[in-house]
Structure formats: C-alpha cells, structure tokens
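Pasting the structures in now, so scroll down.
Here come two complexes built around chain A, the first alongside chain B, the second alongside chain C.
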Partner chain A sequence: MKSTDRAKRFSENFKQRITRQQALALAACAHCGICADSCHYYKVTGDPKMTPAYKADRIRRVFKRQFDWTGRFIPWWVGAEAVSEDEQLEELKEIFFGCCTGCRRCTINCPFGVDMAGLVSLTRSLLIDENMGPTGLIKVMRDQWTTGNQMAISDQDYLETLRWLQEEVREELDDPGVTIPVDKKGADFLYIVNPREIKYAPMSLMAATKIFHSAGLNWTMGSKGWDNTNYGLFSGKADLGRHMCNLAFTQAKILGVKQLVVSECGHGFRSMKWEAPIWGVKVETPIQVVSVLQLLAELISRGIIALDPRRNPLPVTYHDPCSLSRSSGLTEEPRYCLRRACLDFREMTPNRINSYCCTGGGGALSMTEYTPLRLRVTRIKASQIAATGAVSVVTSCHNCADGLADVIKANKLTAEVEPGVHRPVTVRTVCDCVANALILDSVSKQPLEPSKKL
Partner chain B sequence: MDSRETSNTALFFLTELHTLALLFLVTAYAIKIAELMQKFSVETITPRTSKTLRAVCYAFALLVIPWRMDSYRRDPLRYAEFAVLHLAIATAIGTFATLQWTRAFCTREIVAIGLRGVFLSGAIVGLVRLCRRIARREMRLISTPDDYFSLLLVTAWLVSGWLAVPFAKELYLIVFLTIGTVCLFYEPFSKLFHYLYWPFLRYYMGQYFGHRGVYPVRPDSADQSVQNYKRYL
Partner chain C sequence: MASFQAGNITLEIDEDGFIQEPDKWNDEVAAALAKTEGVETLTEDHWKLVNYLRDYYLQFGVAPMIRKLCKDTGFKLNQIYELFPSGPAKGACKVAGLPKPTGCV
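Right after this comes the complex of A and B.
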C-alpha cells in the first residue's frame, strides 16, 4: 500500500468525523501560549514542542488546510498543511499517543476552553484506523473485543479468583456468611471492577466486599460484562466504547438490577456514566450508574457503616484522578470518606480540578514505547506528593494507582514513617482505607432497617 | 484643522469605506457561523441537568473571575495584559464604528484622556506580546506569520488611535481609520476572528462540564457537598 493512500484516507476520515466542538477548538486557538504552564509534559521537560498549543497545532494544520479560508489558498500564512506522507502520521502518533495523557488540565486553563482531550481522541481514532496505534494498546483493545476484558482473564480464572477472595474475607472477618455473589438475580446493584482487581490487586475487591457485607447490602457481581475499563475512551474508538458499555448494561438488564456501581476506576466510571450516551449506548430500562465513592460517602453519612480513623494513623494525601475530577466532578466524595477513615489527611497543592495528572492517562501504561518520557514527567506529581509529607498517597482509580507506583519508583519517593525511619511512599485506594477503618463489631451485627437497604 | 472641518478624504473614510468594512465584517460573521452550523454536526451531548444553565453562565463568567482559573491565578499579570489589550481593541472598534456620530463627544477633554490612556496601554501590551512571541522559544514555535502580522496590525491601530485622539488632526484620523479598515477587512482571514468562536466554545464547554457536575466549581466543603447531593441508597 502506498503511503499516500494512508494519508489520503486519514484526511478524508478527518473531514468526515470532525464534530462542531472539535472544529471550534481547532479554529479558535489564538496561540496565546497560556496553556503551556498547565501541561505536566511541558513543565517538566521545558521542551517547546510539549506545549498543548504546539501539540494541537499538529492536527490543527490539517484542519486549516481543509476548512480555513486563508489556509486553503495561502497555507503557509496560517500554518496550514495537508497530510500527505506517512512520516507526518508518525509524528501525529508520537504526539497524540506519547506526549499527551488527555488530562484536560490545559482545557480548564484555556481562555477559550479548547478541548485538547477531544482532539486527542479524534486523532487517536483516525490513527488506529490507519493501523498506526501503539502495539500494546492494540493488544488490550483486541482483548476487550474478544474476551470482554482488557487483561484477557478467562471466565474460569475470574470465577475462581472471586471464590478465593470470598474465602479470604471469610477467614479475615471470621464470618462464614460473607459471600461474593455472582449473577444474583434481584440484587440491588451490579458491581463492576477493573480487571487489575482480579489479576493484580485483589485487596481492593476484598475491601469492597468487607464494606458491602458490613453494610448488609444486596449486591452482586456478573459472570459477564464485569470489566468497567474501556479502551474505547482511551483510543477514541466509539465502537469499542459502545461494546464495553453494552456488555455491562446487558448483564445488569439480565440480572434485573437498577444500579451499576463502578469500582474505583476513573475512566471506567467516566465511560459508563458520561461517555456511554455520547457513544450512542441505548439502555431500554433506566439503569443508574454510580461510583463506589458515592456509595461509600452515603454509607458513612447515613451511619450505615462506622469508621475508626485511628486505624489509619499515618498521614495520607489524595490524588484526584483526571477522569473523576475534571471529567466527572467527583472531587468531594473521596475526601469525605478519607477525612473519616484516616487520622491525618493532607491536601496536595494544587488539587481537585487543578490537580496534575499522575501520567497514567487512563491507559497510557499500555504503551511501553512511551514509558521513558512518561516516567520523566512524573516529577511534578512526585514533588506534589513529597510536599505533603504523606506516607501513603490514596487514589480512587486503579490506573492511577499504577501510575502513582511509577511516580514513586521513578523518583525514589520516601516518607518519614517515624522519627528517623524512612520508607517508600505507598499507594492505597479509598476502599482500602475505609475497609481498614471499619468498626466491624458495631455494624455487622446490627440488623439493617429496610430503608437502609438498597 | 478644527475637528468639525473634514476634508473629502477623511469624509470618505468616515462615511463610505469604514461602513463598507463593517458591512463586510458582519457578512463574514454570518457566513462563518452558517458554515460552522452546516459543515459540522454537533457531538452528541450528555443529558441536561438542573445545573446546566448555571454551568454555562459559569463558563462565560470565568472571563471576569480569573482567580478561578489556575493559569491566571498563578500569573495575574497575564490576565491584566489580556484585559487591557482586549479592552483597548473593543474601544478601538467601538470608536471606529461610531466616530461619524461621536466625534464631537470624543473631543471632550476627559473622554480624550480616557481614550488615549486606553489606546496607549493597549498598544504597550501589544508590543509586550509581540516581543514575547519573538523572544520565547515556545511562543515562536506556535506562531505563524498571521500571528505576528495580526498582533502588529492591532498594535499599530492602537498606536494610531492614541495619536489620533481627540481626532483633531486629520492625518492621524485618516491613519487610524485606514488601519481600522484594513483590520476589519483582514479579520475574517486571520486569527483576529477568534472572538467569533469564543461564545460558542464557552457555551459547549459550560454544557459539557455542567452536565458532569464539574462546573460550576463547588465552593462548599466536602461535607456539605456530600450532604447536598442526591441519595443513592
């Protein structure tokens, strides 16, 4: 295949797919440069090619060549340029996959509100269609298409892990009544998780099990459609996004539940709650999508579970996952939980919607070719964490948890646990902190009033 | 020459050419907006919430509450620059568009002092921005010939406005009107047109973040927020 064919197809698809919001974002930029200081890539590297305006300009030039009045006739005057060679597509790949996590920090700091993440999403999807996606990403996307989960965990392994976790929790609580229900019809909610919780971090699912059991909730997990992550969001491929959402909604419908509770996963929650309607996911019966953070906050605020913060005595800080804070508005619920579950909660600066990305980028870890640069730009997050003096950094996203582990490792981040004793900062989840602070005796033996049940 | 005495050249600029330029600009606006609506379909958006209107208002209001934006909070001077330059440009456009009726008003001392101050400060900011665009690597890299020329043109216009006020000297008046006319004719083909897109972008931004509960940014504490939000149990 000639390289020009690929470039032509890219340009043609670009013309067809671009939305009004994206066209506005491309047309409006006045090149004021204020976005530069919002970007962790630019702040750490100081490389002028890392400013969001420069990165966006790589695709903006294509837009200007096709749509701008001047760009069509005097392209050099406004920086317009057609894509005609594969090398240009390679450059786009490097930038839009390797140099931007789509965290939207530049968007909220832009006087116009140019949505960089939207441009990233569009460009990534166009590149993937031209078979120019990073190998690691293509693999996880294929796994989601074929197995229904990004880590290709087989049904047998998944169910065995749930049984094993159930035994672990029973043993820990010394309560044979603890169950992790699977496909329980008539449950109040279906709990969907990040495959990392099955394969690498089962403590998180154990923590959730303890909390749900203690609160006496009527819940279930699904044998299908249990992966809440969505590489449709990361890759910009709406068809995959729709597919993954449909798997979960279909399972919810089969089981007759009214709520989908999404475990601690930033882009998972964002996909199910906010992107699904954009991707055209149609659910016949209304199913409410709730984050486990909202559920935890409510369990605590209504006194359904009681916490003893002395069980988490060491200082902790909270990292706001971009997809939860800047793209879903969930900034207060985790803080509400942590202030009650931990004795010493410290804020990072800046925080909430101004927080810096951990470099996880909702899937960036799958692209190992960009790891060196990604690790380099972790410095800004590391300095934020170090400034708090916290022993643990808590987050509510498993992708961020991996990103933060890289931040800690790459920057050899340690904290003083006791006078003179330093150890590497640890990464925890909100569920983990809440479960650790649970006062089991006072709660689990109390019968729940009907109103407190889901 | 008295301000009331106007030569044929100045009269031509005042009544004919600048009216033509304004008409051209309005036509270009209409065509651009029509193009935007026809060529690009709006991305499906998430369902409205009760806070959508507030969020859209908040997105617009951020223009005058810069401390809510981290970029301007950290660098208030950049906001001051932005405010001064855009105020000066808006004043120049306003003066240009209405001069044939407001010329006498502009000759009043207090008005003239105000106008001169606005134009001069705007021109200084224009120069500062031009120098920054040339001096800083990251700015050079994102700058096109149009970026330099637009800024230069606007700065020159503001300088001519500063010199022309109170519009008593015909030469300065003609220079101010000429550059203004050039600006207006050039606008639709340049980055100067960015302000046309601003309301649209802010509207979509407000809607997008409003639906998701990001905008308006919640000023209350975590405790209040949790008590206030919808119950799930």
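Right after this comes the complex of A and C.
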C-alpha cells in the first residue's frame, strides 16, 4: 500500500526519535491486562479500548513493523502494522491526546514498569510535527516560545501584578515592610510560578509571600524566566522543554541564587527537576531545584514558622498531583504541612503514588475537544473525595486545582460545613492552608540558610 | 460542538461551555450562562464585572489580568470569587461571553 506523505514522515521520525526507554516500554508489554484496573478511563467506561495496553498497542504495532524481526517478516502474526494512511494518524491523535493524561498510574502497577507517559510524549511529538496537535495545546506552546510564559503575559503586566500583590499583602498584614523582591541579586532562592497565579488566581502567590516574609527569607522573583510550567512535557517536544528550563536557569544564574524554588505546580516541578537533564539542559553552576512543599515542611520542622491549626477547623483531604507523587516522590511533605496547618486532615483512598489523576493532567485542560470524555471519567475521583466528607480538597498543583474544580462541578459534590448546611466542596492549595494558619507574632526573624538536606 | 439555548437564541458552545459566537451575546445569554455556573440571579455587582470583562475583551481581544479587573471595578479578590464561585477565568469570563482561557485553567 502506498503511504501518504504525512504517514511516511511520521514513520521516519518515529525511527529517528524513539529513545531506548520508549523502545523498552514498547517491547516489554506482555498484555497481562493488570494496567486496565489502574486506569481511570477504563474503570469508568469499561471499554476495552481504554485499557492502557490497548492504547499503547496502537503505537506498538508501528514499532513492531519497524524494529521487530517477527513484525517485519510475519506482521499479521504479531499484530505489526505500518502507518500508511492519515486516518491511522487521526486514530493515534484521538488516543494519545484525548484518552490518556499520562498520569503513570498504569506504569507503577505494571510488572514491567512500561512507561505509558513516555509513549504519549513520543506519539504526541510526532503528531504535532504533522500539524495534528490540538489547537489549545498548540496555542499554549506558541505563547511559551514567543513570550516565555504560557498565558502571553507582558513584562509590564507581570511586574505591575507583583507590585499590586505586594500592596494587597501589606494591607492584609498591616505591615508596610512586606516586599515581593524582583531580580534581587544574592537572594538565597528564586521563586518561579505558574502564570495562572499572575493572570487569574494570585491567592497562592499572596500566601507564599506572607509565609516567606514572616519567615524572614532572602528570596526573589525574576523579571524573566518566571514561568515554571512547561508544555514541552505535555507535547513531547524536547526543544520547548529545554527552552523553558533554560529561561529559568539563566535567570537563576544571573541572580546568583543557590536554589530555584518551584511553586505549587506538579508538571512544572517535574520538568525542572527530572526532565531538564533528559532534555539536555546544561547548568554550569549547580542550582538546586526545590519544591515549595519541601521549603514549607522545612520552615515548620525547624520552627521558623509556627502554625495554629484551629484557623483551618473544617475537614480537608489531599489530592496527590501525579507529577509530584508518582513522578517525583513528594508525598510526605504536603501531608506534614497539612497535619500541622489543619485541624482535621483526612486521607483519600487510594492515595500517594496510587492516587487517581485529577482528570485534567497532561495538558488535558487545554484540549477542549476531549472535555466530554474527561468529565465522564471524573466519577472515580469524585467518589474518592466524597468518601472523605472533606469540605475542601487541598492540592499542590494549579492544573489539578482546575481539574478538581471540574470534578466537583460535574458531580455536584457537596460537603456538610455545619450541621444541616451543605456547600460545594472547595479546592485549596497547601500554601493557602499554611498561610491561613500562620501565627504572625511568634515568627522568628532569624534568616534561614538554605538547608543542605533539601 | 454542542448548542446552547438562551430564550429564543441558539448559540454554539465549545465542550467546556464557552460560547463560540460572541456577536450573539446579550443580557439574556449572560443570565443563562450564569445559571450553568451556579449563579441563579445576576445582581448589579455581577453585571458590573460582566460588562467590564465584555468591554475589555471587545477592545483588546484578550481577558484582562486579575489586577486590572480588581483595580478597575473596585472589587477585592475574594469578592470576585464570591460573585463567581468558579473564579474569574472559568466563571466570570464564561458569563461575559469570552472564549475559554488557554493553558492550565
């Protein structure tokens, strides 16, 4: 059969781009089916086509045709098939953009550790190169390339917002000494944020400012390279991944900071911490990448800040962002903070590395065309939250925050705030809970040296 | 693409419920969209926000920064969340007929 130009290029790029880890993921699957029960898409729909093994097989057959000798000589026997028509690419698009958030829950439950997220990255990058990426995702990628941040916020708007937030916090704390420093040379750490905190939802940045100020930290924000998010991860495009990491590392280097502290963003932390070296980001001077969760836990454990949990009396639960728990191992720090900041902390089941996706991961929130299926599979997360009876679900990722808001709305989740009074469950961040519990008078004004433990 | 009924008007909406035909937006459409966001009645304060967003979008083609929204309307951040529980991006912007914001929202 004659292949279309698109299909030819796709196959050629597939051969060039596949990494050893991805090849391993494609070769190792024994089709045992354990992954089915780990995937929220399959568990809700019951559709065999939603099992991770089936989804991965759509790209695995291309691999077999090209790399496996049995696939080359007896393709019909082993289910190998070359990509030759555009319709096959459309099918891949539907699966790898629309039916998987790359949450890796199947990966940790797989006896071979088949990394589905790696296959998602590979396939998405190949499709994007054929102009087959979803419009919303492409728009965000373009904004990151051209403006350095995913919401195309101008330098002026960004800086004015920081000044405004500084005023807001000063007013709230009745303390004219509060500052949000920008480009402060010799600061101990550079704080990088999710543009959602600048454009729409700055409460978490205000909370962080309150905490850092109260702890007397020597911190700064950057006038450039301040976006911690990275659509290189969601698109599989390593060049964009590298670009976004470089912007932040360059700013850190210019300012001479020791640490880069990533605000509450799952994939942003994962990109800066773990993916950067894979994308080939070279940092000449060692700069530690730390999550704000690690910093908060340290401030509490060393007694630099004191908390009164009675300020957060209502029951809360914690949603583990996939990129922080499964992909980064940050499961205990948020719990350590919440147990001290809130009076009634309740675990969701399952939790930590077995937590279910917020359903908005992997860039799903920016791909509107797949929203109906995404909202349908919110049921599992919704029942997990409901079972705790928590009034708020706390998370440490801005993407999860909006994903969870959709879960709550789609399932009309309410909780009892006082006897007989039910309200919709709210979504909060860890910074918000900690800032709300902060005892301002008892705070030590001793500057904190960055810990070597982090 | 689904459709959305507001009185006698039928509009196309995207899968997240944002209208696709901004020209057809009017007060009736706003009130109907507000109901999908859990706002049963649009008060004077709601209208102040909605009209501001609408005018800003028509002039600049993008949603305003939350800073501009607060400064120009005089609302505090928490008041905006009280008026539109889904927040400025997914709540107020939707009711004002803006397209869905892009990125991690």
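One rule holds in what follows: the second predicted complex is superposed on the first by the 439 of 454 C-alpha atoms of A that agree within 3 Å, B and C clash if a C-alpha of one lies under 4 Å from a C-alpha of the other, contacts with A are read in each partner's own complex, and residues count from 1 in each chain.
As a working rule, a contact is a pair of C-beta atoms (placed from the backbone, for glycine too) under 8 Å apart; a residue touches a chain by one contact, two chains touch by 3 or more.
Here the structure is a predicted model, which means the values were calculated and not measured.
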Superposition on chain A - do chain B and chain C clash or fit: fit
Touching partner for A:335 - first (chain B), second (chain C), both, neither: first
Superposed arrangement, angle subtended at the Cα centre of chain A by chain B and chain C, nearest 10 degrees: 140
Partner chain in contact with A:145 - chain B first, chain C second, else both or neither: neither
Touched partner set for A:371, first chain B, second chain C, both or neither: second
Which superposed partner A:229 touches (first chain B, second chain C, both, neither): second
Which superposed partner A:67 touches (first chain B, second chain C, both, neither): first
First (chain B), second (chain C), both or neither touched by A:54: first
Superposed arrangement (fit on chain A Cα atoms) - minimum chain B/chain C Cα distance in Å: 24
Set intersection of chain A contacts, chain C complex versus chain B complex: none
Touching residues on chain A, where the partner in the complex is chain B: 18-25, 27-38, 42, 48-49, 51, 53-54, 57, 67, 69-70, 76-79, 107-115, 118, 259, 274, 277-278, 280, 288, 290, 294-295, 297-299, 301-302, 304, 325-333, 335-336, 339, 350, 352-354, 452-454
Touching residues on chain B, where the partner in the complex is chain A: 36-37, 39-47, 59, 63, 69-72, 74-75, 78, 82, 136-147, 188-191, 194, 197-198, 200-202, 204-205, 208-209, 211-214, 217-218, 221-223, 225-227, 229, 231-233
Of chain C, residues touching chain A in the complex: 14-16, 18, 38, 62-63, 65-67, 70-71, 77, 85-90, 100-105
Interfacial residue positions of chain A with respect to chain C in the complex: 136, 139-140, 143, 150-153, 157, 160-161, 164-165, 168, 194-196, 198-203, 229, 265, 365-366, 368-372, 398-399, 402, 405, 409, 424
